[in-house]
Amino acid sequence: MLIAPSLIYSLIAPILIVLGGALIGVLVEAFLSKAHRAAVQITISIGTLLLALQQLWRIRDLSSTTAAVNSVTIDKAGIFLQATVVVLALVAVLLIADQENFVAQASAVPGSNEEKNSLQEKSQQTEIFPLFLFAVAGMMLFPVASDLITLFVALEVFSLPLYLLAGLSRRRRLLSQESALKYFLLGAYSSAFFLFGAAFLYGYSGTISLSGISAAAGSANNIFLLIGIVFVSVGLLFKIGAVPFHSWTPDVYQGAPTPITGFMAAATKVAAFGALLRIFYVGFAQEQTLWRPLITVIAIITMLFGSLVAIAQRDVKRMLAYSSIAHAGFLLSGVVALSKDGLVASLFYLFAYGLTTIAAFGIITLVRDSSGEVTDLNRWIGIGKKSPLVAGSFAFILLSFAGIPLTSGFIGKFAIFSSAYKSGYISLVVVGVLSSAIAAFFYIRVIIMMFFTDPVNDSVSVVIPSVKSRISIIVATVISIILGLMPSLLLNAATTYANFIK
Amino acid sequence: MQTSANLVWLIALPLFSSAILLLAGKRANSWGHVMATIVSASAFTIGFVEFIAMQSRADENRAVAQKLFTWISVGSFNVDASLLLDQLSICFVLLITGVGTLIHIYSIAYMSHDLDRRRFFAYLNLFIAAMLLLVLGDSYLNLYVGWEGVGLASYLLIGFWNQKPAYATAAKKAFVANRVGDVGLSLAIMIAFATFGDVSFAGIKEHVEHASSTQLTAIGLMLLLAACGKSAQFPLQSWLGDAMAGPTPVSALIHAATMVTAGVYLITRSNFIFDEAPIAQLMVLIVGGITLLFGAIIGTAKDDIKKALAASTMSQIGYMILATGLGPIGYAFAIMHLLTHGFFKASMFLGAGSVMHGMKDEVNMRKYGGIGKFMPITALTFGLGYLAIIGVPPFAGFYSKDKIIETAFNAGGMKGLALGIATLLGAMITAFYMTRVVILTFFGNERWGHKDEPHESPALMLIPIGLLSIGSIASGFILSKGEGLVHWLEPVVNPLKEHHDEFLPPIVVSLMTLTVVAIGILIAVSKYRGDQLAQAPENVSVLTKAARRDLFQDDLNESVFMHPGQTLVRNILNIDYLVLDGLVRAVGSVSLTAGSRLRSLQNGYVRSYALLMIIGALALIAAIWVVTA
Amino acid sequence: MAIANYLYLSAILFTIGAVGVVIRRNAIVVFMCIELMLNAANLAFVTFARINGNLQGQVVAFFTMVVAACEVVVGLAIIVTIYRSRRSISVDDASLLKR
Amino acid sequence: MNLLTIVGVLPLISALLIAFIPSKNAELIKRAAFAATLVVAIASIFLVTGFDKSVTGMQYVQSNTWIEAFNINFAVGIDGISLVLILLSTILVPIVILATWHESDLGRWSSKSFYILILVLETLMIGVFAATDLFLFYVFFEAMLIPIYFLIGGYGTGNKSAAAVKFLLYSLFGGLLMLASVIGLYVIAGNQIGATFDLTQLATLEIDSNTQNLLFLGFFIAFAIKAPLWPFHTWLPDAAKAATPGTSVLLLGVLDKVGTYGMIRFCIALFPDASKTFTPLIITLAVISIIYGAFMAIGQKDIKGLIAFTSISHFGFITMGIFAMTTQGMSGANLYMVNHGFSTAALFLVAGWMMMRRGSSTIADFGGLQRVTPVMAWTFFIAGMSGLALPGLSSFVSEFLVLVGTYTRYPVAAVIGTLGIVLAALYILIPIQKTLHGPITSGNENLKDLNLREKIAIAPVILIIVVMGFYPKPVLDIINPTAEKVVVNAGFTDPVAKVGK
């Protein structure tokens, strides 16, 4: 006799809602005429995300390790992370809705008549919305997954759509496609590592659940554990862009359509760090002597590498890619801290950083010339004069990245570093502040280019954003500002929600 | 101690007057000089009234004090702005305001053609205020304010015609040299505070016997350094000659009669320290002895009448400093010489100014000659000053200088002999160079080489000179009568604690002095009798050449301090740019280079990215292996 | 045959796949190497299921196959598009984005 | 909300209001900014009247929760040391605005943003001196960099953006080191007495000497960069050369004081033992700064560079006074901060006028100004005299206190420091001779003398310089109790005079 698996639908409803939205989106693609698709798709996306958020709010105090049999653990931190993903997705979807950035017909060969026609017809590749929703659903599942198989599936569910989305840039399509290929190949490669590691963890503990792995501590073959931890880590470190698994980041950030880059940079980090935190805090907490030194070293290398290489960048998206690598290093300090403080700090940091990142990429979409976005920093010269408000917002965002006080970035850094210090990892703090100093250099250089250098005769202009983009950028920027001035709003929440149940 | 509310006005009047003149600007051009002179005269009146009042009191009650306000008070460091007028300071007050007023009057005429006369009087008043503060301050710190104040006034006045770069440089030189001395004064104050916890004269005097001689010697030497700076004593004397760039009344007032004697005041005021610090006292003697000869030798070679007089001043102050080094009995004689010198030197400077006035500001004595007949009054007064300085009885210098020479001999032993001979030698050279000045200026052939005959100066200039001349005649006699000044100063300097045997009877010393003076005069007369050339002779002895160059003090300063200093500055500039700033820039460029190098890892090939991942994974495994094993 | 040998085989397969990705240029081949790695992991899962005596590993293997299939769909789509644009599927040609 | 907070917030509110005035209306903006800062200055004088000099603790205390999670409070309060520095800031700002009325006209951006930046900066300056919460202080400390950065980069001259970057990065570097120490302190507090940033509580921590030394260094390097102390000074001349005179006044006059203020408030108060350990080193650096800064100043060809290096020399004095750990040194250093603020303001403002008129900042381009522009020349002269600490002017009192306070504990340092007195004469008199004296050189014949606005602006500064020289007592009375307390809390007592009282 088969017993139906116990599912607590209310707890997994947020994920289901988004998945449902995605499926409806697919149906819309199939059945609705081209002319109406875009509007409907946007509505569906926003609607499902709002619904999911509302559901998350309703279950905010609930928790269970058996939300979906033993595969999904809904707990405070999980809900916080899911909410973060949904909020970031909501902000990002408005940017993505600005179809100007996306290819008219993905299958058309760049430069072909087919492409020209599709451009003239103003056709749109509205599949991006269901793809986007699938990715969001995967990202929501990733940090709450509590066994290896769910982790793997979630990883793939959010990665596969992103691979595709990365290749959908309207302009410079060769680069975009290249970035999709690289992202895909390397992503699949890292998944293989993850899976192989998962296999060994299973071999080590005899179970695929994180709590089971934790319970098996010290019981059996250490080699299996070692290989398992390392390979699973490789998969996760790849997703967060930690050195030396970062190589995809600059290329993909640069090649992908800018709104996707923004979404990816923000939300992927949240999901991947969420999972990383859960795995290390719940699954590997007992083996901390094994991995903490390791992650410390990786964090240090990542912080320094990201900051140093970013100095030498000439492309604003690439620069932000390296900056995100550096930030991954900072965030890893929170993982190493392995404490409630570390978790609080990480939650805060992820939310604040995510919003700021989306705002940053949102602003990048506005700087254009006749052939589209201008990401060459040398051509950003003097845009402070052309559009002080936009440049000013970007400057604020950069200062936030740099961690100047009165920005959310500063509070995040302070929280992360103090948690690391509290756990005795003073080296992380020292390297962290040093690389922050290095990092400040390139953020400030951009500000100089925007404000202190006279514009040369250049066709670069700052376009007036569409309403959707405007809302997105303004919301993200304003929340960043508020979080800088009144971080308690989020910190208190993060403190309340910083709890993994085991 | 008695108090008096008048003291502050001594300082405040000229200070305010100075401020008013400076702030009022051109509006005060018409009446500024009058007000300044009246203020100076009022100060003299106040001083005189205080002097009369002081005389009427018993010895121990003569000093009066006035506390103005608490100036600096931090922890145990408490300094009030208070004034002290005692027997010593009243001498100075009268000298400063008296001579000062005369020179104010003189300047009205002397500066009448200068567009900036108002500013000149403002500076003069500022000087009077600062100098009075210097002598009235009841603590070293108050004195220090006046001390630097007179330095400032001196700087402003030397550079009064600073549109000439050389004059501006001279002013700066004077200030800097004085500052070197000021370092001494401030260090002395610091040591005094560290030692006594007090910087007032009375406070230190009270506890001086408990202090170790090391500390007292240190304080004494530092005070001596200060005195050297202000009083143009060796080795800080080089600024005085250049200071003659200022208008002549300034030279008379500041660089002859008053300010440059501040060092003598300082040492006399600090008698309680020097009396307990024999090494410092010896150094005072050495400095005084060297300078009196140094100045005299320089004086023999100078053709610039003002520089010759300046060298003479240096030399005469050397006498005074030497006298202060002689211990208790010497202080009074130093002050006496200071006062008489104030009269005769001021009168001679003003006379020189009068000559310049009549000679279109020519200062080179080689271009004078035979002026006596054109400017009889000037010549007469100058002559009286001349007789006073070389020490011909009964003129003022005779009394004061003779006493110093006598006391020097009485110092006893080899020291006494050396000092005595030095002072005698100085007297001879003084006679020589002063005779030379008089002959070159007032006698002999007319060498000015233009048709305009010199003319006598206006009465406004001559009257002050005349009054000062009376001083050069009579002051010596008056002050020494019944050892008046010595007894007057006794409460301040505690003289005659010990009594030296007389090395020689006074009359013998006087005769010796007169003899060497006569020799000096004779040499000068024989050398400069007859017609002289309008140019200085070129083929002269090494000593003359050296004296013309101020005995190479400037060259020494330049080669020991200035040039190495300039090199140092250049090197530090380079070090700052290349090393310190270079390091900062290097941090930047190293980061940039590192960034660019690391950037090449990102070569665009997926396969190499994958390789990097494998390497990373293997490195992680290896690392864990190492950690666990 | 000792059960450990399956693990060795799995490791060898994984290594072949991992190295293959690094040394082969053809995107399809590279992709197949990745599939090989996934299958190596599958083999490991199955082996461990046998060792541990539970079925979880077996279940995972099925999931992996499904996921790998999805990956193929997406991967081939991307590779085909690239091929259409560039007329080449050498991964080394796709190296415009760098530095 | 007490008076202190009001004084602090007023400029910010004014900035917000000014933001609503259209940019075109530059004159109105200037007037509004001037009026606002004048009100702040007057309000801050009321701070003094309500200040109880006999109390050594914090006054005008206010504390509101800001970030609960880290127990960070918006906690402000002032004692004597901070009061005088706040006064310095609030008085200088309106003077700077008035003095440099047209400074913003030539900038990259509108006058409006200039005055908004200035007003925001004023709030931050007041905040940094008033904060009694370490975190809050840090926030102000770092945030202050941003307006200055934009002021230099946006309105400066010459190589301004490079200078602005150097300034910002250098300061940020120091600030981040300090952040590490702040975090360390916070964590240690969390382990010992519960997480807090309250200064008085932090001072009670017992930290082992190694940790204390490291934390101390974090703070000290940040402050040494800010002050700046040799060898961390190389940003200052560049920044001062590039900034407008008004900005330079605020930079040298007030902002750099945060460095020396921080040394007193944090380095010494929080880490007394480490302070003791490092005192010889710091005194050495201070002495080097004095001499080195003076030599560098002598070698400068640019007026702004000159003033910058004189400041480095003066900061050497201040640091020396602080770490002499005597009441005289401490009070003197404190007074020195105030006096240096005003005399540098005078120097820089007048130098600014000279440069604006002449169109050059090279010393050699001037000549004979005393006869062309007597009033300007006089103000420059007096400012210069204050710079060389002429007795009777304000700097003398403080410089002497520092020297005498240092001598009682570190005689050698004080003796070397006095050499600075001679060098000061050189570095002030050489440029005075070159600019004011000598013949009137070409290009200077037709310079205009100060106008009424400029006279009104500079008059109070000169007045303060003179009055404070003769009667520093009111300020010393405010400073003394606090300064004494700092010395005592650090575990020092004044060396007793060997004989006498």
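The chains carry the letters A, B, C and D, assigned in the order they are written, with residues numbered from 1 in each.
Going forward, a contact is a pair of C-beta atoms (placed from the backbone, for glycine too) under 8 Å apart; a residue touches a chain by one contact, two chains touch by 3 or more.
Just so it is clear, the model here is predicted, and its values are computed rather than measured.
J.: As a test of whether you follow the contact definition, which chain pair has the most C-beta contact pairs?
T.: Greatest number of C-beta pairs in contact occurs for B-D.
J.: Can you tell me which chain lies farthest from chain D, using the average of the Cα atoms as each chain's centre?
T.: If we average the C-alpha coordinates per chain, C ends up farthest from chain D.
J.: By Cα centroids, which chain is closest to the centre of the whole protein?
T.: Central chain is D.
J.: I'd like the Å distance between the centres of chain A and chain B, where a centre is the mean of that chain's Cα atoms.
T.: Chain centres of chain A and chain B, defined by C-alpha means, are spaced 79 Å apart.
J.: Taking each chain's centre as the mean of its CA atoms, how far is chain A from chain D in angstrom?
T.: Here chain A and chain D have centroids separated by 44 Å.
J.: Hey, how far is the Cα centre of chain C from the one of chain D, in Å?
T.: Going by mean C-alpha positions, chain C sits 65 Å from chain D.
J.: What is the distance, in whole Å, between the centres of chain A and chain C, each centre taken as the mean of its C-alpha atoms?
T.: 25
J.: Among all residues of chain C, which ones touch two or more of the remaining chains?
T.: 18, 21, 30, 91, 94-98
J.: Could you pull out the residues of chain A that touch at least 2 other chains?
T.: Each of 181-182, 185, 189, 193, 250-251, 441 in chain A touches at least two other chains.
J.: If a residue has to touch 2 or more other chains to count, which residues of chain B qualify?
T.: As it turns out, chain B has residues touching two or more other chains at 588, 599, 602, 604, 606, 608, 610.
J.: Where do chains touch, given as pairs?
T.: Every pair of chains in contact is listed here: A-B, A-C, A-D, B-C, B-D.
J.: Within their complex, state which residues of chain A touch chain D.
T.: Result: residues 344, 385, 388, 399, 402, 404-406, 410-411, 413-415, 417-418, 421-422, 426, 429-430, 432-434, 436-437, 440-441, 444-445, 448, 451-453, 487-488, 491-492, 494-495 of chain A touch chain D.
J.: Help me check something: in the complex, which residues belonging to chain D touch chain A?
T.: Residue list for chain D touching chain A: 65-70, 108-109, 135, 138-143, 145-146, 149-150, 153-154, 160-161, 164-165, 168-169, 172-173, 176-177, 179-180, 183-184, 186-187, 190.
J.: Spell out the residues on chain A that touch chain B in their complex, using ranges where they run on.
T.: 181-182, 185-186, 189-190, 193, 222, 226-227, 229-231, 233-234, 238, 243-245, 247-248, 250-251, 289-291, 293-294, 297-298, 305, 308-313, 438, 441
J.: In the complex of these two chains, what residues of chain B are touching chain A?
T.: Residues in contact with chain A: 588, 591-592, 594-596, 598-599, 601-602, 604, 606, 608-610, 612-613, 615-617, 619-621, 623-625, 627-628.
J.: Can you list the chain C residues touching chain B in their complex?
T.: Residues in contact with chain B: 18-19, 21-25, 30, 91-92, 94-99.
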